[in-house]
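One chain, subunit A, links the two complexes that follow: it is found with subunit B in the first and with subunit C in the second.
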Partner chain A sequence: MSAEFELSRNITIGQYLPTDSVVHRLDPRFKLAAFVIMILAIAICGTYVGNLFALAICIAMFWVSKIPLHYGLSGVKPAIPFIIILATLQLLFYGEIARGGTVYFQYGFVTISSESVRLVLVSAMRFVEVIFLSSVLTLSTSTTELTHGMERLLGPLQKVKFPVHAFALIITIAIRFVPTFAMEMEKMMKAQASRGADFGTGEWWRIIRRTKDMLPIIIPLFNVALARAEDLILAMEARCYMPGASRTQYTHYKANGKDYAALIISIFISVIMLYIPW
Partner chain B sequence: MTADHPIIRVENVSFSYKVNQDQQIPVLQNVSLDVYPGEYLAIIGHNGSGKSTLSKHLNGILTPKTGDVYVNQINTRDRERIYEVRSQVGMVFQHPDNQIVATIVEDDVAFGLENIGIAAHEMRERIDASLEAVGMSAFRHRPPHHLSGGQKQRIAIAGILAMRPQCIVLDEATSMLDSYGRQDILAVIRKLHREGMTIVTVTHHMSEVAEADRVVVMEAGQIVLQGTPREVFAHQQRLRELHLDVPDASRIAALVHQEWEPFSPNLIVNEEVVEEVNRHVIKQAEASGT
Partner chain C sequence: MEKGLTVRRIVIAGVLGAIAILLGVTRLGYIPVPTAAGNATIMHIPVVIGGIMEGWGVGMIIGLIFGVSSFLNATVPLFKDPLVAILPRLFIGVTAYFTYVGLKNINEYFAIGAAGFIGAMTNTILVLGMAVIRGYMTFGVAATVALTSGLPEAIVSVIVTLAVVAAWKNLVKAGKQKSKISG
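After this line comes the complex of A and B, so read on.
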């Protein structure tokens, strides 16, 4: 029963784990750029071997950044139902579109061919790869570094009046409050459960009932979120924050050899992934 | 002290919250108050007395409906100079979690400095100094959600200190903390005050009030009592009417005084009660000739 309420323990996004590895020390601009390149490659690559290779690289990333793999796995766990639903839907409905290869099974509109099986397996692998990669990114990069990186990478957009800084700040704050709200939600679940509310005893297929069960948590959570937002605005204003005003930056990044190397390696890995023919 | 110019001058300030189109709730009514450099001022009052609203006027977070607030001669209505106002009067709020913007302690301390356009190399110095001042240097690379409430509040104070203000306003900054956290914050405040910082604290912990130089009591949006803690706590009856407590020391002293005239009723800290008791014990001993 107790594990059911331990939400803050299961959340990996926005939780920096300082192990001071080479990945941690990368210039966030380069790290982010490398990440985007890898994600694009994962999105495009549709082969078994290419994805196995990518999966191996992602797992290796945990080792390189000295982060225990279970951090990544705990990020995958909540995604498993989605992966299964996605896989089922793809298996049932994508046979017509992903034609080709050997047909294993056909009944009515359901066609299962080697191509549709490949699509299913590859999507599942992609899912896991993306979760692993983003976990490594967020565990090895403080969110401030992340947003700084993003801010610098998006910098040129300022010329077309895109509010780059405000955008970066919104993301920082969103990420900053994830553990806070997880803790808050934990508290609320305990409070409601102690008054007899019932989470998770409804059968899993009764989706409407289970959704309704969550209402006594979601509504107060929104309430608290708004109150917190109001407080935060005051605190930010009290520290001279003005939207749109020019600010200086505490952190200055200077890229060196290892940053360029990381970028080149990520391009290299992507090219291999895309050129593996199977 | 009165010879100096006040850091903050509140002149006939009234303020009300708008409930809907034709209903307003008055929160402050003609409040005037000066805060002098180096002073330790406590504002007390029960919930809804307007004390928090008043404190939010001190650095232009709220601007008065009528009347004016000046910070070093700058009117807080002057939006062009609001940076100056807010970097001179810093503010620490009640909820430790809701004032931290960044995900790493030192970045959070840097937030205010980035806003006022301090150059990067100077920021480093200031961040070092202010984390040192609140005793949190060892935590500079930690994520804030791993810190205790008291530690988070110390970070919030460091974030303000880095901006080199002349005055810090604490808006019930200790009310969400456990007693260890509160003692930590009070120690920091005491130290800052000794070093010349002007402190304004809004609180309902009477033991904190006893340390202040001056106490202002608010009721229904007005200042109803004012003076040194000793003067204010002498009005026990009045304070009780305002649903305010007095420090335990004051209550004990008053009770003993009722029973036994020579005992001084006007004590505000625990040590004074001990001293007073000792004094009488010694006197008695002398009187009985031993």
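After this line comes the complex of A and C, so read on.
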């Protein structure tokens, strides 16, 4: 029972594993760019061999960045039942959209063809790849580095009046406040439970009841959040923070050969993935 | 209303973005519904509230945060596709804001509720539409999901949005809490 209230312990956002590998030392700008390129390639790639290749690369990434593979697997494990159920559903009902290919089995509206099997397997592989890749990124880069990298990467957008600095600040505030709100939420759940409310004991099929259970937590959570926002606004205004004022930077990144190499390798891998015809 | 990103907009977007992330990582934002999409969600509510309170720009940014966090936390392959998980979420705050502004003159509370409903429907329709286009679902499956999880989502969204925004507006009217510098 008590485990249900331990929200802040389970939050792994911003978890960072300092193993000081090559991947850790990469310039965050280049790391982020390489990550985005690979994710896009994975999202587009729809072939077996292309995805197997991507999977191998993702596993190799763990080895290169000296992060134990179980960190990635822990993200996949809780999802396995979902994947299996969803794959079965897809296999049974998706025959009509994934037309073409050889039909293996047909009965009534259930059609299993080589195309629907491909859809199921590819989307399962894609899922694992994205989890692996994003765990490597977040485990090898601190949140500060990530926001800095993002701010610099989006830098050119300043030319078209996109508020890059403000955007990076928003992300920093969001990440900073997650653990705070988790604590607030824990406090509220305990307060409600001590008054006799129960959470998570309703059977899962009683959707209305489960939703009603959430309301006494969600609504105060928003109000607490907005009250904290007001405090922060006041604090920032009192210190004369001006959005859009020009600022100097404390950290400077200088790209070297390794960073360019990483970017080129990721582009190369993506191109291979997309050009494998099977 | 002032143009551009004010301190207020930056902070509100950040804070509501934090709630969107929190609801995702603690899985409290998911209501298990036995459909092909796996879960109904209430994670679009911070986006709707942000859109109503601070305009479509803030709504879009919180939508982006929600999209990226749902992309990274997804347990179903459907949401591991950035075109399904991120792109449709950008528009939730935008439609919610314009619904609110358009109906505000009729009745403030009606407008807030309607914005909550339209915001939730934007999420449902665009995400499922994208899922159909990308070939994860047939139209029939998508329509079933829209009814079984989309409608409850919209109803919860109306209730929570109305409760939160109405409570907040009353506080502001009473002159408590709100910063007097930016007004």
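Throughout what follows, the second predicted complex is superposed on the first by the 214 of 278 C-alpha atoms of A that agree within 3 Å, B and C clash if a C-alpha of one lies under 4 Å from a C-alpha of the other, contacts with A are read in each partner's own complex, and residues count from 1 in each chain.
Quick note on the criterion: contacts are C-beta pairs under 8 Å (C-beta built on N, C-alpha and C of every residue); 3 or more make two chains touch, one makes a residue touch a chain.
These numbers come from a predicted model, not from an experiment.
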Superposition-derived comparison: subunit B or subunit C, residues of subunit A touched: C
Which superposed partner A:48 touches (first subunit B, second subunit C, both, neither): neither
Which superposed partner A:71 touches (first subunit B, second subunit C, both, neither): neither
First, second, both or neither for A:253, with subunit B first and subunit C second: neither
Partner chain in contact with A:16 - subunit B first, subunit C second, else both or neither: first
Touching partner for A:215 - first (subunit B), second (subunit C), both, neither: second
Subunit B versus subunit C as contact partner of A:172, first or second or both or neither: both
Touching partner for A:142 - first (subunit B), second (subunit C), both, neither: first
Which superposed partner A:225 touches (first subunit B, second subunit C, both, neither): second
Where subunit A meets both subunit C and subunit B, residue numbers: 169, 172-173, 175-176, 180, 228, 232, 234, 236-238, 241
Residues on subunit A engaged by subunit C in the complex (per definition of touch): 7, 10-13, 39-40, 43, 78-79, 82-83, 86, 89-90, 93-94, 96-98, 119, 123-124, 126-127, 130-131, 134, 163, 166-167, 169-178, 180-182, 185, 204-205, 207-208, 210-211, 214-215, 217-219, 221-223, 225-230, 232-234, 236-238, 241, 243-244
Subunit B contact footprint on subunit A (complex, rising order): 14-16, 18, 142-144, 169, 172-173, 175-176, 179-180, 183, 228, 231-232, 234-242, 245-252
Touch list for subunit B against partner subunit A, complex: 56, 59, 61, 82-83, 86-87, 90-91, 93-95, 97-104, 106-107, 110-120, 123-124, 127, 141, 143-145, 156, 159-160, 163
Residues of subunit C that touch subunit A when the two form their complex: 4-8, 10-22, 25-26, 28, 31-34, 36, 38, 40, 42, 45-46, 49, 61, 65, 71-72, 74-78, 80-83, 132, 135-138, 141, 152, 156, 159-160, 163-164, 167-168, 177-179, 181-182
